[in-house]
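Each of the next two complexes has subunit A plus one other chain: subunit B in the first, subunit C in the second.
Let's turn to the complex of A and B:
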């Protein structure tokens, strides 16, 4: 079968055209490496476009700052689960990479002296836990849009080769486990193709679609994570899923943390500024996990707002029209569109909403995928890289700081690009193709050609998302998670009997969604199984039955393997590159 | 609520047709929600969509005769039966999905990237808040294509006329105090088609879901050209 598939050959294959993929592609294209970018949507539709608040870098344009303070905040924010070498690398690189983006055309907002505007964000401090810092570089509240479009524009300039609206089905790998490229499907025609590459980079983003109420786009189905799992690569720290404190209640649209950074704050039904009780110093700008739990607790204890007492209010109206129009025009428009109110005059109903996948494909700080495949916990998977939300490097640990995800994709997209350039020098030729691996990918597709009666993809997807919301949410217990594991396993079994009714080839989105659901199912299972196993509370993973962090037993990364749903663990890299380690301390804001 | 939706599958249909659907609606529902409901009824129905909040630009369609984004169009403002068609003037791939190749080609043709010839400083280029403000109303474009596919000049000459979206981007760089390629940008818009096919019909501005004004941007380019030529 595989002999009939057309083959295209490139030095490097980048899967995903969000900020991580495009930053890597730019580095590669500028170095004259022949690079192909495969994206299931036109690049500027990738979900980086929806990032609002900004990108952290210790530029010190507004308040004193340095990368070492940023590093401390990131590690504390991660509840000490982040790898400290990767965090140091990211925070040190940040100022230079923001400047690089600015030179590439990103229309950052400006200060009176003409420098890049920076705003305060959650979990930021000066001097290792002192006063609030202002570290988030912003283009109004459309920073992701500004960065993604500029990166795409620079890739046009660099003549990067794009395969727009192609869905990657599976990685191709030989008997030694070396990755040789991927099988992809052109959505417009339904035709498959092999893209052969000496190096393959996964930059496919997060999987917020495993939860019902989320801030994520329809396309955020974790395709790269699914492909990694099917290739025998584990997913790391999947139990840590970020719930953003301020999604529009009941709907999920994101209201940037920048709204609180600009001076907004949260109120319960008594009009109380309740964050003062939970985080006396940082208040509304505590870490996201802390604020989300506080909101959840307020509502649970009967202090929620509205007829159903099921949300809290975000107050912005005291900021004045000028600040809102200049700094937060995008969310103002979103609120007007979806709630028919103006945040310049009325408070906004908000509630925690599934937002960001902290876990992902394990990598080192060069973006190389690492897994316990041989003798050690971190052997590199030859020819495979991963960056951004689909990867776990890990700079976010158990809880990501706002403003660190745009930074993550740019820093590690660039680092992976550079490492691939070196890798290509040592690996000058394509390896022999592995036909059985291609056949396997094709079987995944042809399975959906089965006709007859069966459950619909949409039905199963809705049930999965509801199950994850009910059984793997903000607060967790052994009992709830065990039930969640059983339910997702049952759904996975039912997926085998699901059938498509539409078997046409041309732009068959029903088939695309079926393939995406397979990815979501695997990722949901990785998430709920990892959560069930971790018997402590750390960052975004809150166990009512194990309310404390347990560094003695659990200061380690989880690794979930698809085969046998096996869990393994590896140590956290506590040693930074040049500075002293930040040992775990009690985490208060 | 009653919907009449354009259907065409090149594998099975000789020609396109309108299909009727009933959708149970509730307050606050957007057109995208209704289209998702239709897809639940009939999974063969096809349209692009993603972010659901008007920032990715995927779900531009023609709604009761006017282009717009399905995800931020409340159905409460729509007249029944709601007619949903693909963008006018573009080849239809299937149902509401059109081929936007020429649109993207025109976008790339205006060299939509910051061009600076001077050596790069170690820090950011300085740009005053007033200079930065000139980019407001330009950089927010999401490339949804509502404007260009509503433009009669683009319908007639999609291969030669850049179209409102691309011209808005051209002006976004001309207006950027950091950019040093204004002369080349203007030169490349010379001739009867690329820029001057715009006759200020203003369909683009009327339909832009982000409230941008391509007609004004085009006018600004024309003004600079005129000034340079006198």
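Let's turn to the complex of A and C:
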């Protein structure tokens, strides 16, 4: 079968055209490597475009700052699960990367003195936990958009070859486990192609679509993570998924903490300001996980609002039109657009929303994928790299700080690009192709050509997302998670019986969604199994039955393998590159 | 399927893929509109919808949320139609 598929050859294949993929591709193309970028949507429609907040770098333009304080905040924020060598590398590199982006045309907002403006974000401190720092550089509220467009234009200039609207199906690997490229499908024609590469980089973003209520674009189906799992590579720390307490119920868009910061508060169906019971002092401004669990509990105990009693209300109308219009104009316009109500006169239905995948494909700080394949916990998978939200390098550990995700993608995109340049010098020729690996990828695709009655992909996807929300969301106990594992395994079995009704080739989006669902199913299973196994609370993983962090038993990374649904663990890299380690301490803000 | 029907189905399928964007807000505004309303639009409005899809995500979002008017005034009407079907 494999002999009939057209083949294209490149030095490097980059899968995913968000900020991480494009930053790596740029580094390579500027070094005259022959680079292909495969993206399932037009590159500037990647999810990086939605990152509005900004990018952290210790420039000290507004308040005193240095990279070492940034490093401390990131490690503390991660609840000490981040690898300290990778964090040091990222925080040291940050100022240089901001300057570089600015020189490339990203219009960062400025201070009156001409320097780059920096805004304070939660979790930022001066002097290792002291006063608030101001570390986030932003191009108004379109930072992700500005970075993505700049990188895309630079790549076009550097002659990166783009395969737009191609879906990557599977990695190709030989008997030694070396990655040789990928099988891809042109969405317009349904035709497949082999892209052979000496090095392949996965930069496919997060997997927010495993949850019903989430803030992610529909494209965030974790395709690279699914490809890695199917190639025998584990996913790391998947139990750590960042939730935001106030998403618009049933839709997922985020209502920023600023709404509660301005005086908004939450109500249950009895009109009770219930946060007073859960957090008597901080009330509605308690930390994200506390507010999220309180909302879940109210709904679960029958005090939810609406016909299905499945959300609570966020009240803002008492703030008055002037405050809302002046301080929360973006929220007002979102609410008016999607709910056709005015928050100045009516309350908003809200529910916790899944936001960011901290876990992912395990890598070292050069972006090389590492796995316990032989003798040690971190052996490199030859020819494979991963960066950004699909990867777990790990700089976010158990909880990511605002402003660190855009930083992550540009720092490690660049680092991976540089490492691949060296790798290409040592690996100058393409290896022999592995036809059986190609056949396997083709079999996965052709399976969707089976006709007849069967389970509906859309229905299975909805059930999976609801299951993950109910059994692996913000409220986690042994009982709930065990039930979640069983339910996802049952859904996985039903997926084998799913059939498509549309078998056309041209722009068959139903088939694309089926292939995406296979990725979501594998990732959901990795997430719920890892969450069930981790018997402690750390960062975003919050267990009611194990409310404390347990460094003695659990200061370690989880690794989930698809084969046999096996879990393994490896130590956290506590030793930074040059400075002293930050030992775990209670995380108090 | 005859070839005209096939062409039209292909155009629709292509359009659905073009409505997959980088932001959840855009997915929620555009995809239901294509599925439920697009077919009933006049040829002129269909053309305007295609023009709207040519905008970059950030610009498109700002137009659809009425934060910034579109540079092309002719698109105001299709923007209202999309908003009214959310």
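Some points to look at:
Note that the second predicted complex is superposed on the first by the 488 of 589 C-alpha atoms of A that agree within 3 Å, B and C clash if a C-alpha of one lies under 4 Å from a C-alpha of the other, contacts with A are read in each partner's own complex, and residues count from 1 in each chain.
We adopt the following convention: a contact is a pair of C-beta atoms (placed from the backbone, for glycine too) under 8 Å apart; a residue touches a chain by one contact, two chains touch by 3 or more.
In this text, all values refer to a predicted model and were calculated from it rather than measured experimentally.
Partners subunit B and subunit C clash in the overlay (superposition on subunit A).
After overlaying the two complexes on the shared chain, residue contacts for A:128 are found with neither subunit B nor subunit C. When the two structures are aligned on the shared chain, A:108 is found in touch with subunit B, with no touch to subunit C.
Looking at the shared chain after the overlay, A:99 reaches subunit B, while subunit C stays out of its contact range. In the superposed model, A:500 lies in contact with subunit B only, and not with subunit C. Which of subunit B and subunit C touches more residues of subunit A is settled by the count: it is B. Looking at the shared chain after the overlay, A:157 reaches subunit B, while subunit C stays out of its contact range. By the touch criterion defined above, A:41 lies against subunit B and subunit C together after alignment on the C-alpha atoms of chain A. With chain A as the common frame, the single stretch of subunit B that clashes into subunit C is 204-212; none of the other options in 114-122, 204-212 or 222-230 do. Note: residues 41, 44-47, 49-50, 142, 145, 149, 188, 217-219, 253, 330, 333-334, 337-338, 504, 506-509 of subunit A belong to the subunit B contact set and to the subunit C contact set alike, using the contact criterion stated above.
Put simply, subunit B touches subunit A in their complex at residues 9-12, 28, 39-40, 43-44, 46-58, 72, 74, 93-95, 97, 100, 104, 108, 111-114, 116, 120, 122-129, 131-132, 135, 139-140, 142-143, 173, 176, 178.
Residue ranges on subunit C touching subunit A, taken from their complex, read 9-10, 13-14, 16-17, 20-29, 31, 56-58, 64-67, 83, 86. Taken together, the subunit A residues at the contact with subunit C in this complex read 41, 44-50, 142, 145, 149, 165, 187-188, 214-219, 251-253, 330, 333-334, 337-338, 340, 504, 506-509, 512. On the side of subunit A, the complex with subunit B involves touching residues 41-42, 44-47, 49-50, 98-99, 102-105, 107-116, 139, 142, 145-146, 149-150, 153-154, 156-157, 188, 217-219, 253-254, 330, 333-334, 337-338, 456-458, 500-502, 504-510.
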